[in-house]
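Below: one structure in C-alpha cells.
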C-alpha cells in the first residue's frame, strides 16, 4: 500500500476526520444485539466484533507501536486475535475460526477502541512525520472498507437465520439502486489514460497512471434491472449450459443456484432478504447480489458482454454509477510499475492478484466519501454477498 | 423412552422438583457472558443458548401442547429452531448450524423459559393424568442430561479460544476425580441379572432386566491416573500401532493425537484446560477426556482390557465410581424386549444403537441425583469432550 | 490369527490342497481381460491384480522368508506394493491408491505366483515344523477369503461401467439363492455354548468356545426374498425415518439410496447387475446386496428384528443358510480369552473390533469348503458389495 | 472454435496429413503395456485409453455423423464414454471416473480408431464442402493437443508408481531444454499488433488480431535454469511468505510443496522422474514442471516479474523458445470480437476463460508442426504436470 504523497490532512483537520470516521463505525453498530457480534456462518464473512476490533488493531499495530514511544499495548493477546491476513506479524487466528471466539466480550472490544482512539488523538496534537499521516489516511480508508464489509457481512449473518431478523427497518439498502433508463453510449477507441491522477488518496493498485489501447465500444448508461433478470430466469437461463463458463456451470449445479443470493419466492412472488427484513422485490431496481458467473451468463443471454475495467473507467463520467459494485471482465492484475511496498502494508493488495475479478464503481453500502472512478475492488468470481450488479457493453 | 410405571411424584412434590431442576440450569448460566451463549466450534457441541432453549422446548412440545388446552405457543419459530433430532416434528435447524444464529437473543430465550415454567407450574395444581407425570419426569431427566452437556460443551467452546477464558475460578472439575488406590477385585462367573430394577425412574434402554452369563473376571477398584497415563505417553504409546484398533490408529495419525484432549505442555510441564482456566495437572487425579481408542490402547499396553458393561454393572458395588464416564468394550445395543416407544419419545434412544460404545458410571459434571449403576451412556469411540476415563479389567 | 493346534495336513496331502486352492484362484481369473485387473473405483474394493499378488505375498512374506533359508525374493518392491494392512512390515501402498498402479503388469504378477508356488511346493517335500503347516493352512484360508473378495470386488468394478460388462454369462450368482419357504422355528432360552469346537481349522476370532445366556427366541428358516423387499420399497420404507437408525437415515439421504445395490429399474421392471450382466430380478430369490441399515429398517417394518450372532449360531442347524452373508445385530467384539497373536498375524482380526457388525453364514461367492456355522465375518454397517441378505428373528 | 477460412488442405494432401497425424498417436502408444492405458491417478490427467478413443470420437461425432450419410456408428456407447466436456452432446462420463472403466478394452479402442480412420479416408476421395475440411483441420489440431497430453498424462500416471516405471529409455524429454545464455533484450513501448495473422490454421482464441499499448520492457532471451531454481530453494524461497500470492502461499502449505513436481532428493542429489525413469538433474537445463505460483515467487525473489502475453508475443522473434510452456502474468481472456461459435465446437475455448493463466511458447512434448508465436495455452495457476518453465521480464 502506497498512498499518494501529497496533501495529507494534518493537525485539527486530521483529528476531526479521524473522529468522524471512527464514529461512523460505531453508529453502524447501534442497532445490534450483543449476540449479533459473534457468528461467522461463512469463511468469507467476519463477525462484527472481529471487524470493529480489527480496524482498531490496524491503528495500534501499524501506528501507535511505531510512533508513540510511551504506548502501552491494550492487551497483548489482541495482536494475535485480530490480525487478518498479515503474515508479517506472525501467527493469526485461522480465518474460518473467528466465529468460535466468545471472548473478548463486545464491551472489552469497545474499550479497546476507546483506548486506541484516545492514544491516537493525543498524537494529532503533536508535530508528526509525514509517514504518520500517510498511515493514518491509510488506516481510515481501511476502516471505511470495513464499514462496507460490516454491512455486507452482517446481512449475510442475519440472512442464514430462518426467522429473518431485522437490523434496521429503514435499512433495506438495495432499494436505493435507482435505474434511470437504459440508454447506451458509444465510445471511440484509441489510446486512453488509466489509473489515479490527482493529489488525494488512492490505493497502490490504482497506480501507476498508464496508457492502454481500446477498440471502439458501447456501454449501457444504467445497470441491469430486477425485471430484466427475472426474464433471464424465466427464459431458463440457469439451465442452459451454453451461456455459462465451465466453472460457472459447475458452480450452478453443485450449489443448485437458480436465482440471485437472498432471493426467495413467497407464494409465487419474488422477495429478497434485506437489512430491513424480507421485502418484496421492486422490478425497477438494479439487480443485486450477483456472481461474476451469473453476470457473464446474463450478458451472453443478452448477446452482449461485460465491460473491461478500462472501458468502464473511460466511460464512467457519462454513466449512472455508485450503488452496485459492477463486475468487469478484467482479472485483477498489477498496473505497470506496481511495486509491493516494504513491510506489512505491502500485504495489502498485491498478493491477491490471482484468480480474482475487478469490480468497478461503489455500492449503496460504501461509506460516504469513499468512492472514485479509478477505485479497483476485487473478488473471486463466485462471490455475491457484496451489493454487486451488472452493466452491459459490446 | 419408556419411564417405569410407578411412584411418580405428583402435586406439590412434583412442582418442587420441577422448580429445583429448572433452577439448577439457570445457576449454571450465571457466570456466562452473553457472547458465550452463541458459538458452536464443533458439530458435537451445542451453544449454551440452544441448550437452555431446547430443554424448554421439550416441555412445550411434549407436554404443554398436549395437556394444556389453553396453551399459547410462545413463539411459533422456536419449534423449528430448538428441535434437536426429532424427525417426527418435521424440519429442524441443521445440527452444525446452531452457532450461526444470533437471534433469538439470550434475553428472549430466558423469557421463553419463564413463560413455559409458569404454564407448567399451573398444571401441577390440577389433577393430571399419569402420562403427564411420566413425561414431566422424562423431561426433567432430559434436562439433567443437558445440564451435563451444558458444562462439557461450554468447556469445549472456551477451550478453542487461544486466551483460555475462565468460566468460574472454583470450577476446575477434573480435580474432583480422587483416586483412592489401585486394588483389584475378583468376581466369579455365572448367570447375572442386568438392567434396572425398582420403582424409580429409568430410561428405556436400561430395560428389560435380563440374565447374562459372565466368565470369571477381575476389575480394578479405581480408575487409571494421570501418572499412569503419562507413563504410557512416555513409553511411546501413541506411536506403537500394535496397541491400537485399525480405526484408532487412523484417528491418531489423521488428527496428530499425542495426548488427552485439553492437555498442553507448558515449559515441559503437562497442563490442562479446565473451566477454571489452564491448570497444572495433578498426577494423582484420574485421567480424563480420553477416547475409546485411547482407553483401549492404554489397556493393551497394560496387558489388561476394558470391562464389558455387564462386568461393570455386576462389580459396581465394590468400586469407586461416579466421577468419570467409563468406556466399556460393549457396543450400544438393545436389551431383550427393548421396544421403540410410539411417537416422538421413541426417538430418544433406540435409533442411536449402532456404531456407539457404552459408557458406565457418571462424571464430575453429572447433575446431582442423576446417576445409578444401570445407567447407560453412549458415544462414538473417538469422542472425548465428556469427562471420560479408564477402568481396567482382565 | 491362531489356527487350532491339531490335525494339520502334511506332506502330499498338504501339497495337493495347496495346489488346488491356488489353482482355483487362477480359474477365477480366466474370463478377465487384462484391463479388468487394474481399476479400483472404491476404496473398499481391490483391483484383481492386487488381489492375486497379495495372496502370493502372504506366502512369500510369512512363510518363505522364514522357512526357506535359500529363498530369493522375487522382486523387493513387491513387499511394499502388495502388503495390505500389516503395519508390522512397514510402509505400504495407500489403500485407496491401488488402482493407480499400472505396473507390475499382470504377466509379471502371474510369474510372481508361479515363482512362489514353486518354492512353496519344494518345501512340502521336506520335513517341516508344525508352525509351517499352521501358516500354510492360514495362508490358504486367507486365499479363500480373497477368492470371495475377488468376485465381489470384480462385480463392483464392472458395475460402475455404464456399458455393464459381462464377466461370465453363466455366472449370475445371485440366482443361486434359493428360498424354500418362510417357516419360523422357536428356540428355548438358557445357557448355550458358542464358538468353534473340533480339530479342524478356525480363525482366532471364533475362540474361545464359551457360554452365553439366551432368552427364548424365534427365527425364520429362510431368508427375506426380493418380493418381500419390493413390498418394503413400495410401502415407502426408504422414506419413513421411524424405521431407521439415525446414522442409517443420514446414509439414505446423503447417498439418495432407494433400493439395494446393483438394482436398476428398466421400463418399470426391477433389474440387477450381475457378473453375467444386467438381469431381470426373480422375486423368489433371496434379496441381496443389502446394508445393515437396510436390513434393520426392513426388520423394523416387519415388526421383527435381526438375530444376535449367538441366536444365529444356536439355531443354524435347523436353518437354510450358506448363500448370503447374513447381518446380525451383534457388534464385532472379542470372545472371552481372545488374545492378539504376536507378530504380523496378530493384525489379522483383533484390530478391526470396533464399529463393525458381525455377519454369519456364507455366500454364493464363498469358496468351496470355506464355511462353517461358527465363522464370523464382519463389515461396516453401510457396506453392501458382499452378497449379503436378511434373516429375521423375534 | 473458428478455424481461419483459407488454404485448407484438400484431397490427397489432406488424406496424407490425416494419416500422418493419426499414425503419430499410435507411434506414441508403442512402448505401453496394456495396463498403462487404464489408470487415472488425478482428475487432471486422462488414461491413455480414453485419450486415444476421445480423439477418434471427435472425428466420428463432429464429422462422420454429419458428412457421411451412410456412416454406421461403431458402438453407440462410445459417444457417451469418450465425450470430454461437450455438454451439447448430453451426458458424459464424469471426468474423474475415467480410470474406473476397464472396458472397452484397448484392442477394441484401436479397432474403433481403425474403423473411423477407414471411413474418414473414404471421404477424402470425394468432393467435400469447405466446412468438412475446416473440421478435419480442427480435429487434427485437437489430436495434436492430445498427443502432448498423452505424454504429460502418462508421465504423471507412471510417476505415482513407487517403482518408477520406464516408458522409453530414450525419452527423458526434459533434457531437451537447452539453455544458450542469459542475455536480456530491451523493447520500446507503443502500440503493438497482437494475434494470429496469415492464412494457416489458428484457434479462435488467437483472434481477432488487434492493437495493444505496451510500456517499455526488458525480457530474458533464455529460460530460468535448474541451477537458478536450486538457489531459490536453498535461499528459503518456499518458506518466505512475502514472495508468494496469498493463494500460492496456501497451496505451498496445504500441499507441503518444497520443490518442482517430479523432483526427488536421493542421497543429497536432486533427481527427477522422467519418461525414461528417475534421472539426475542437469543444472544447466531449463527448470520444468513449475506452477504459476512458483514461477511468480521465483520472479519476485529475482526482483523481476513474469511477462504479459503481449510482451511475450512482441519479443518472441528474438528469444529462444519452444521447449517449455512459459507462464505469463496474463489471465486467459477473450480478444476483442471473440465470438463463441455455434454448436459443439463453440465449447472448445471460450467457456474456460475464467481463473486460468495464459502460457505461451510450446514444449518438448508438443507435436511437430504444432507451435506458433500466437498460440495461447491456458491452465489453472497451481497445475504443473505440463512441461512448463519460467521466463523473466521487467
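Per-chain residue numbering starts at 1, and chain names A, B, C and D are given in the order in which the chains are listed.
Keep this in mind: a contact is a pair of C-beta atoms (placed from the backbone, for glycine too) under 8 Å apart; a residue touches a chain by one contact, two chains touch by 3 or more.
It should be emphasised that the depicted structure is a prediction, and the values quoted were computed from it without experimental measurement.
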| field | Contact distance in steps, from chain B to chain D | value | 2
| field | Longest centre-to-centre distance from chain C, chain (CA-based) | value | A
| Taking each chain's centre as the mean position of its Cα atoms, how many Å separate chain A from chain C? | 58
| said: Averaging over Cα atoms per chain, report the distance between chain A and chain D in Å. | reply: 37
| Where the centres are mean C-alpha positions, what is the separation of chain A from chain B, in Å? | 45
| Residue numbers of chain C (touch at least two other chains) | none
| request: Counting only chain pairs that touch, give me the topology of the graph as line, ring, star, complete or other. | output: ring
| Partner chain C, residues of chain D touching it in the complex | 33-41, 49, 77, 80-81, 93, 97, 99-106, 157-158, 160-163, 165
| field | Contacting residues of chain C [partner chain B, same complex] | value | 85, 87-88, 191, 210-213, 215, 241-242, 244-249, 292-293, 296, 300, 329-331, 333-334, 336-337, 340, 346-347, 351-355, 357, 381
